[in-house]
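Heads up: the structure comes next, in structure tokens.
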Amino acid sequence: MRSQRVISLIAIALAGVASVLMFAWPLFIATTNQNENLLAQTVFIALMPILVVLTLVEFSTGEIGSRQLAVLGVLTAVNAVVRLVGAGTAGIETAFFLIIIGGYIFRSAFGFILGSTSILVSALLGAGVGPWLPFQMMAAGIVGLGAGALPMLKRTLPKVILLIVFAIVASYIYGSLMTLWNWPFLAGSDTTLSYLAGAPLHENLSRFINYEIVTGGLLWDTGRAITTSILIALTAPALLATLNRAANRAGFKKLSN
Amino acid sequence: MRSLANRIHPGTWWLVGGTLALVAGSSSNLIAPIAICLLAVILILSFRENATWARSLSFYLALAGIVILIRVIFRILFSYSNPDSAIAILLPRLQINFGFGAFEFLGSVSWQSMYGALIDGARLAAIILAVATATTLANPRKLLKSAPGALYEIATSVSVAINLAPQLIESFNRVRRARQLRGKSKRTSRLAGIVIPVLEDTLDRSLLLAASMDARGFGRRGMQSPVQLLTARLLGLCAIVLTLIGIFLLLSGFSAYLTLAAITIGIIFGALSMRLTSLRLIRTNLTTQARSSIDYAIMILLLVLLIANFVGWLR
Amino acid sequence: MIQLKNFTFNYGKTETPALNRVNINIQAGDFVLVCGGTGSGKSTLLKAIVGLAPHFTGGTVAGQRFLADNDVTNAMPHETAEQIGYVNQQPEGSFVAETVMEELAFTLEQLGVPVPEMLQRIEKAIIATGLNDLRDRRLTELSGGQQQRVAIAAALSAGQKVLVLDEPTSALDPEAAHELLEFIHNLCRREQLTAIVAEHRIERLIDLVDQVLVVSNDGTVAQGKPAEQLARFTFVPPLIKLGQMQGWDPLALSIAEAREMISTPVHFRKIVYPHVQPQNIQLTKLSVKYGDLIALDDIDFGAASGEVVAIMGENGSGKTSLLWKLRNEIANTAMVPQQAADLLFLNSLSQEFADSDEVAGVAQNRTATLFEEFVGRIDGSSHPRDLSSGQQLALVLAIQLAKNSQTVLLDEPTRGLDYSAKQQVAEAIRQLATKGKTVVFASHDVEFVALTADRVVQLHKGKVLSDLPVSQALSHKGKLPTQVSQIFEIDGLIALEQLVLDA
């Protein structure tokens, strides 16, 4: 049982690092052949769903009983609905606050699953499924995973502040992950803002940041950070209490230690 | 046509979508992407069911159009200066610096470079429509049911969420209406005043659901030793890491053989891990749709298409 | 079949156990009624029988639980799923699948039954429950009674020999409820099914059951034959209460039996309908539309100060629409919606009280005082969601009344309440009326209406079907007779409270 738990922790940490790295390839790319490059990108799109599935299995193995499943279902549904309600307005992201608060209460593994299933269900319910979906699922999963790794504080106010700070950081991280994935696809490989195969890291990083600025990505991220922070400030005190009660009733306490 | 569509396994539609996307993604001319876009539209129009899960074709078409547009505009705005080819647009070349390194934009844009952008855009559009084919034609509920055992809990959770969502919208409306009966509170925000009752209510109900699911045998497991479980997790982890290494190798163009090896072993490990985790389930399944001869015929066609693509017949 | 020995269960929140040294023994094929007051531990007993307590509630257990002579004290519910099934109050909330067929297969799939056998068993269950025409329908399209049938069919197909149902008729109208309970009764006889049913409205099944379990507030449980158990039970319908008052032995368990027992002549107080007060509400041409659906069709509505008006009618007749319309048309109204808990969003009772006082701009403790008038003192740190449904209703009522409105509107105020809690709500409403307030409430519950209302407005498809003083509306000649009017069949006698007993 103990070795299970250690493995579990290592798996979570490793899978977390791995999932961030999945997005970062354009920064390190070295290929010069145009055709190989193309093939690589396509294979990458095809492999991403497999990776998402593997990570989800990794996180769910042995951790989900019927009670946890029910809570997961409810939070996913709320998230998906809330996300659909907020969709359409630039920079407004209404799903993150619940992923963060849920991840924080129910810890990393659950947070990851909650993040990805929320995105999946809202896509199935009308946001649309496309090649971007696995990337969104992975990135939102990372946000939930991160929230679950935050330290458990005793008092409500410090908790809320911690969550808001995390929300701001997470909004930019999510944004840059999503930009990283669409960067090679939308900018292509031969403009002054595209990644430059074989170039040193700082060169590509500079191009990436410029791409972020030009495409308004930073603006979106800022919008996301603001809305998420406001939503957390407005709801976290009440939500934390509610979800804590649910965690007790659903037998999560045993799981998170 | 629609009854035929019903007989096709949802997984097969995803294979169709995936193969078309792969072919589109690896093409270097305009013909293949355009052909695939047309094929996708024809498939969707002739097989789609009247259902809510499928976002409309027009949404995906619009998206495809926007992607092509963005790609071309991007090329016009930020192209490298290329004095050798025929110039289409001549604009003054400018330089800008946001503090993260300077970059140039505008300047002369060649026909060739715009054509290249068009191909790139068309390729992306074709990938989007190929995936759209799969999402529009494969019923996600059916797909969730044929999910591998290792994903069973998450698949169940997702279908619970899908069933719950319409009820939730109702509860939101009900609570919002009820909320106005009680004046404005200073202790909590308006939003929390709506979200909390909805959430409490749904959580209560979800725990009832969990109780009744458990009383109906959900959560039964076959015997599985801790060693097996551990092996499954380790294999899964290795699979993730190996696939990741594979992707990096692939994109760095380091060694084709090593890349192939990493990805193949990764996928095999992943499959093994899934197999091991699925062993603990003793469930049977009433509604699993068996793959029929139509499915196999389609699969053979797809295989031919893939081989043709990679041998180079289509180029 | 099922046996609890010295079974004690404690949620761990309080000193007193929810179930205290319970000893029961239920035979195979019995139809068993579980009754008790609100919050008495009725549901807990059911959950303990299935094994959901402690596994799904938390808490600690002492004693033993046997299922067909096997000790299953520590078994998780899914370990006993071949033998014992559980159907909760809202079947629509416990469905997992999309269609009837898939739902029926769920349990069998979990148990690993091979597909050919699964199909056979489902077929048998479908025939036994008469669901043949509904097999491919979506569960959400079914009526409440049909949904309950599906839940029962699912249990039957799984081969479960014991079926535990928590208030299966709470969302059903009297006719559907009767049909369902008859049906369960027949299953017990035909298929040797053991059914254990918790129910507030005892009168709906009292003449069908073999055994009664009475759960008391101290957590003890008594088992016995219906008539003998009910003779001592407090939370009973007028039919039983009449027998208790008259000291009938054995107790009359049906209207027909009671008719034979009563002695004439009967003395009773007439209900006088006062016509004289000034009109407080006077509205004409009220209409409500949702898209094409006409919920309320051009009706007139009036009520006097100090008058209590009940609005009755089947589901979808426009009761709720009328209440909301009144709420929007009349200034200074207080309203308690159907799901009263929708208005609760703070973390403790004392916070809710304080917030309510602030919002209403009244003196501190006003809300708390009102609340205590209804249900007595409760620890201020309790979470509002942990209160019983009656207590939640009282809380919302107190919050709404703190504003001192002239008109009070209530939508189905007796859902999930036992007879004594209903009595309390009725008294609270009468009190409001004596203070000169106008009370309008919607209800299905004829016995409650008989205790409370001066006048009954009956709606049908958005129109007023009838508007009569309560003694006429609920008389034995009408469509909504109370138990008392059915027993005595005397004009003007509708409630036990009217009877003048000869000393």
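Going in written order, the chains are labelled A, B and C, and every chain counts its residues from 1.
Here is the rule we use: a residue touches a chain if its C-beta (ideal position, glycine included) is under 8 Å from a C-beta of that chain, and two chains touch if they have at least 3 such contacts.
Quick caveat, the model's predicted, so the values are computed rather than measured.
J.: Which chain pair is joined by more contacting C-beta pairs, B-C or A-C?
T.: Greater number of contacting C-beta pairs: B-C.
J.: Report back the single chain whose CA centre is most distant from the CA centre of chain A.
T.: Comparing chain centres, C lies farthest from chain A.
J.: Which integer distance in Å separates the CA centroid of chain A from that of chain B?
T.: 15
J.: Using mean C-alpha positions as chain centres, tell me how far chain A is from chain C in Å, no decimals.
T.: About 45 Å, centre to centre.
J.: What is the distance, in whole Å, between the centres of chain B and chain C, each centre taken as the mean of its C-alpha atoms?
T.: Distance between chain centres, rounded to whole Å: 47 Å.
J.: What residues in chain B touch two or more of the other chains?
T.: 156, 160, 188, 192, 196, 200, 205, 207, 209-211, 213-214, 218-219
J.: Please set out, as single numbers or ranges, the residues of chain A touching at least two other chains.
T.: If we look for residues of chain A contacting two or more partner chains, we find 66-67, 238, 249.
J.: So which bits of chain C are touching at least two other chains?
T.: If we look for residues of chain C contacting two or more partner chains, we find 56, 78, 345-346, 385.
J.: Taking the complex as given, what residues does chain B use to touch chain C?
T.: Residues 141, 156, 159-160, 163, 174-175, 177-179, 181-188, 192-193, 196-197, 200-201, 204-205, 207-220, 282-287.
J.: Give every residue of chain C touching chain A within the complex, in rising order.
T.: It is residues 56-58, 78, 345-347, 383, 385 of chain C that touch chain A.
J.: Touching residues of chain B toward chain A in the complex: what are they?
T.: Interface residues on the chain B side: 18, 21-22, 25-26, 28, 52-53, 55, 59-60, 63, 67, 70-71, 74-75, 77-80, 98, 100-101, 103-105, 113, 116-117, 120, 123-124, 127-128, 131-132, 134-135, 140, 150-151, 153-154, 156-158, 160-162, 164-165, 168-169, 172, 188-189, 191-192, 195-196, 198-200, 202-203, 205-207, 209-211, 213-214, 218-219, 226, 229-230, 232-234, 236-237, 239-241, 243-244, 246-248, 250-254, 263, 267, 270, 273-274, 277.
J.: Can you name the residues of chain C that touch chain B in the complex?
T.: 47, 50-52, 55-56, 76-79, 81-82, 84-90, 93-96, 98, 101-102, 105-115, 118-119, 154, 158, 324, 327, 334-337, 339, 341-346, 351, 354-356, 358-360, 385, 399-400, 403
J.: Under the stated contact criterion, what part of chain A meets chain B in this complex?
T.: 1, 3-4, 7-8, 10-11, 14-15, 18, 21-22, 25-26, 28-47, 50-51, 53-58, 60-62, 64-67, 69-74, 76-78, 80-81, 113, 117, 120-121, 124-131, 185-188, 190-194, 203, 205-207, 209-210, 213-214, 231, 234-235, 237-239, 242, 246, 249-250
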